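Next up, some structures in structure tokens.
Two complexes come next, and they have one chain in common, chain A, joined by chain B in the first and chain C in the second.
Presenting the complex of A and B:
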């Protein structure tokens, strides 16, 4: 694979090349699998729907500047929107009326719940805008049906996945303290430390811990003692010299196809979402560029997978038909078919399902696209009695994890809480809305304005309640020939409702956070309006529930072709040279952000593919170290 | 090679103190050029200069580790520690003037002289060593005596003299040379970037490793473009701005073949070169900001001094200081001085005036 710049391979050449593995999607799933397979000598092509430009510091700086100058600071604000590969925007979620679907954005929302979750169709996928929380799922999360009679069991347990969690934590570069993770049955290998030390707790964290640590909460028949604990996250901190038996850890900073020396430890800029200005946050470009350094990987950007072609006799995939555009907005594309021995769909839970359904592949279980999950977020916000330094540090450095599992899960959903260092932004649009209010409504200027802003913004606390949603077949992604994008590809149609199991915990979380605000001496400013999208009611009380961008479950993993879409290695039951990779495979998402777990799953998938295609090759070193200079 | 030899511990301490001052002397010119770039423009140049400036801070810390290791006491707060610009740096037979000036071809030319590898110098200068009069305003690097003293062709040779001195003293007294408190060593947890890390100095091997790292990254003594870790030396890094291309592995000197490095010399604040407080009217926001800058920078140096004297946790608030410094850079550089020149202000780095009473 020499003689061609792997970043600018002409589509015609890609379509004429026979690869070992074709991967649809350059996000964390695709990048991890590509890197692992390329390190074992397999020839890989990675297809990215977005423009695929962000491989230099100059490109990245452009994204940062685009974010700074954007009026709407939504999740995709830093990234160039492409009409040929459109992205969902949270502001496209609007209140649904009279059963009319909302098709104003890329997603077609059928309701009844209006979900404001998004994803990014750019190089590196949604890790470009993720927050980088890297919590492990709990052992109970893997056995929901057998432990609580709810949801589904995984075909593997926590102990099976634990070694892959270790590998994933290395690949992503996780900062955390194992001692803070002693709750909910979590176990770690003896002597294990995270690659880097925890993000230092913020002043807000410490202030809250003083009042909250030891607070006893009774849920069902159990009493839990709450503690403010540091949150593991894939963000560069201080490397832990004790990591890897004393070998330590070398963080990866900024990536570029040219020299890149930026990207050091987190500086606390507090705009991790949607873009870290100093590249302290992991995004999948790190893994992807390391994969491409092997010389075994081609990248084909501006290319949307349109159809998975199947041999009707064997059920095997014979190719993936793709459309490559030249201009991100102008109509027009060329069509070609990728050829490989093994195919991996790694385009995220929504896009994987959309592509399969657009290919008329519903699965022998008929579960393709079903069991859609996301976390349901209830936001609560208040003003602390003193200035607490809002706006410093990464978005969250600590949370409350103690009630992430318990016998109560037979009756209602699990929950964890994140303490936000960025104030009310998520809930109210602060600090911009505060500024507008102080100027327009209170007519403040000069020093009075500055002092009022410090008082208003500097005391803001936002406590989010991240609530589990279990798989239900009626929550789903589907396609509809009436809703096509500019290229003629069907757009994802979302049908979603928040189950009662989750709503019960929404109400519980509101009661508990009221208690927490009282204990903190904070003014509780949380309020929810029926006219907002995401309005739900429970026992006469109303709330606004927000999405978490943690799309999952659309090609759910199980033990049998009749009851699931993929096996424990994410291999399709119906098409034995096809893997559907990512959070779509997860049978539950507990109260952990999905990325770390899907990363662990994808490392297993890479092992399974390599076992078939390159037997005898050892798993590559898990190091994510990328030298500052491209070879 | 130098005629001068380090023969006792006091001489070694003096040279290491001078080395700290020398390492620091590069930082104001680099930061001034860096922040004179209008935000959002010249992204490649910004990254290149920034990377070098960060590594000068690494070098400063490595020298502090060396000084601590041999029983010295780092002090960045002593009067005269911060050079007066234009500062004179050693380079061949004549010292040369280093200005705090905007990002410009002249600035890059100066940076190339600062970072020119020793062997290039030697070839050009004929390998001679001279003894001559001290230049007024020179930083003390390469000038350890009063009026007439030894002189080094380059910063690389200056470090070579330190290495020779270490060897000589080690031959005399052995491991007793490393009498410093190991608790004062700054470890790798406090620094990292794309290349190179902090080395704790506790013995001869680690002392040599620290010196090697300084030499490899910049002020080089060899002509290799990349070191064995794939990191590019400062001289060649800056040269990319002149040649308009990135170097990549396998390239020959002066002939980089990597991606383009576009430069827009006009997307720069038109700041006054070597600005002084007295250039700014008393009571103006520019004057206040420039005074605030000097105070903030003094605080920063004081914090570093404490960090190097056994309180490394001081590096954490020092990060906050660096943000303040950056904000003040922009606040000052955005403002025209208001005289007939159309020039904008710039930090003056008159740190010794930071304790003056303001009007």
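Presenting the complex of A and C:
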């Protein structure tokens, strides 16, 4: 501990200490593993590439004000950037021309598809800007090959992971309603309730449900009845007194090393992405601070892992060489090596692969960095017949889940739909673009402008179509010595294309959403332009597909070293004291945002590590875990 | 604001024009706390004599409460005027979103505004005080929330 910063340790101390476990990355994966291991008495270091200052309300307020003051309010706008640990920005994705890579941002886009997904290199990782949707994957998602002859099977099934989903829903603090999750073969333990009651459906959700519920849709040989259902989300709501056999649930509030009266229920700031101003949304700093409270965790920020060192005889990791910077913008760093018994890379699917490939570790399967996945989003947007109060509430409170799986998946990808309470912003830049159009092109001012805005914005509905992408080896992260960052670390090179299996569902989703707008009597304003990044065509029709920030698959999980990178506990097949944790391990992503599932996986990983390093320390039970960390 | 604040003499005209351009009352505009910040911004990014000329043009004829006459006056004397028009449209957007947009290049070439003109938000509160949000019955994203669950109720939107 230093005099000026009570929270972090100096790099000289970190590099001279022998730890039980060294974790690269302070995001949700790293934080969950750190907390679980520290609660069992293991000595842990967590390394964060970003500045890592955000542990006080004052720091957090700075991020909120940075967001207020940013003309471009992209999903990394609130966060302190470091030129020594740059992060992707969505506005750096541009239309690729003549097969030339786009290297204007941190990610080098090799195409052919330009992906506008990002991630955050800050304390807490990308959960800082995530939306906090916390859907479980479906049983079918774990058995894609055996059920549909597509993609890959997981080495574990839904039933194996179900107890870990329960643990993850507690850790993240999920608000939801089990009754609304009765579709697609999802099952829950008898009597299970989410820690908190569902977010109340918005007025828009309810208006849509009135006319939409019961719409029958035939897909392949099956007919589905569509219904608007509430979306589980890691956002503080009203605790459910029936939780945990009637013990109830105590939500975790704002993160601060000082006392703070913030972080209670969602207040409807309509800004889950990129920052919840009242910390009602879960982010991994909550877990990280609980881990720090054990006294067994060191945090080393401003430190970029540069190379994983391997003993060539045993294949075991002997250390991770890191570069620590003092000034987030100026060049200059010191180099040191972390020393631990077990190592965990938890830096996200892109950065984990980047680090392994930068260390010349391609895996005996040669799959490191390959099988890159993300959700493909087709956005559709329209105007409801009446004013529905667009721009109020959490970004999404409900969705349409009924066709998340079916026999049709032998032929084309699965899809779910989110109803956006925040209007067309994601698709068109609304309401700013609406204002500009009304003033500059329609020549409206004064009262006429006010009234036009009500009709133009207050009726907006955006329905996103979140479409599955399966693992393909040609979709990948790689490194190239021609593309280095300021510190000399290789930048990630992204090669990505949208498979036909997914494109078929893009076209299907457009047809289905047209029907939905027809049924609602909504004006369908969706349109796609060939000059936009993300332009794709299918059967003569063109669409713009957006990324979902759900990077996955790059250190894929399986049953054998020749065909996968990690085993079911996320342990590397090649290096038996190395774990690669996070969505990079997932063999499929179905139609669930990846965080809840990767959180469940990481809790299993922590158990596996503890089994090796601290045998006899059982996993802290759900009901005692909270007390355990502050003891 | 003290009487010595620069541009204080422009304040009444600035408020009158802003009221006409935005459709919000003088009382509502003052309530945002942004009036002098915005007056300073337009004077900094354009030129204070350009602003003074525009305000003079607006205040040249007494309109009273005749809304149709006010609308016509705005169109004829301000919005279609080559120098005043772009400034006035920028001012509408500034009040509505808190963002000042760089004036068009040809405006700067013709009228010699500040070469350092650029897109920016004058203060963090400029964003949260944007008129766009109350106009549509919403909160500025990231501020002024209505409270837990209020989004389930019908919106309260008032046509002016």
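Keep in mind that, in the parts below, the second predicted complex is superposed on the first by the 614 of 631 C-alpha atoms of A that agree within 3 Å, B and C clash if a C-alpha of one lies under 4 Å from a C-alpha of the other, contacts with A are read in each partner's own complex, and residues count from 1 in each chain.
Basically, contacts are C-beta pairs under 8 Å (C-beta built on N, C-alpha and C of every residue); 3 or more make two chains touch, one makes a residue touch a chain.
Just so you know, these numbers come straight off a predicted model, no measurement behind them.
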item	value
Partner chain in contact with A:454 - chain B first, chain C second, else both or neither	second
Chain B versus chain C as contact partner of A:388, first or second or both or neither	second
Chain A residues touched - chain C or chain B, whichever exceeds	C
Contacts of A:241 with chain B and chain C, given as first, second, both or neither	first
Touching partner for A:253 - first (chain B), second (chain C), both, neither	first
Partner chain(s) touched by A:443 [first = chain B, second = chain C, both, neither]	second
First (chain B), second (chain C), both or neither touched by A:397	second
Contacts of A:13 with chain B and chain C, given as first, second, both or neither	neither
First, second, both or neither for A:65, with chain B first and chain C second	both
Which of chain B and chain C A:484 touches, first, second, both or neither	neither
Residues on chain A lying within both footprints (that of chain B and that of chain C)	65, 200, 265, 267
Of all residues in chain A, those that touch chain C in their complex	64-65, 67-71, 73, 200-203, 206, 237, 265-271, 275, 277-278, 387-394, 397, 421-422, 431-432, 435-436, 439-440, 443, 445-451, 453-454, 457-458
Interface residues, chain B side, partner chain A - complex	40, 43-44, 46-48, 50-51, 54-55, 187-190, 192-195, 226, 229-232, 237, 246-249, 258-259, 316, 319, 323
Of all residues in chain C, those that touch chain A in their complex	20-24, 67, 70-71, 74-75, 79, 88-89, 92-93, 96-97, 99, 119-121, 123-125, 127-128, 132-133, 135-139, 141-143, 145-155, 157, 159-160
Touching residues on chain A, where the partner in the complex is chain B	56-58, 61-62, 65, 197, 200, 238-239, 241, 248, 250-251, 253-254, 257-265, 267, 627-631
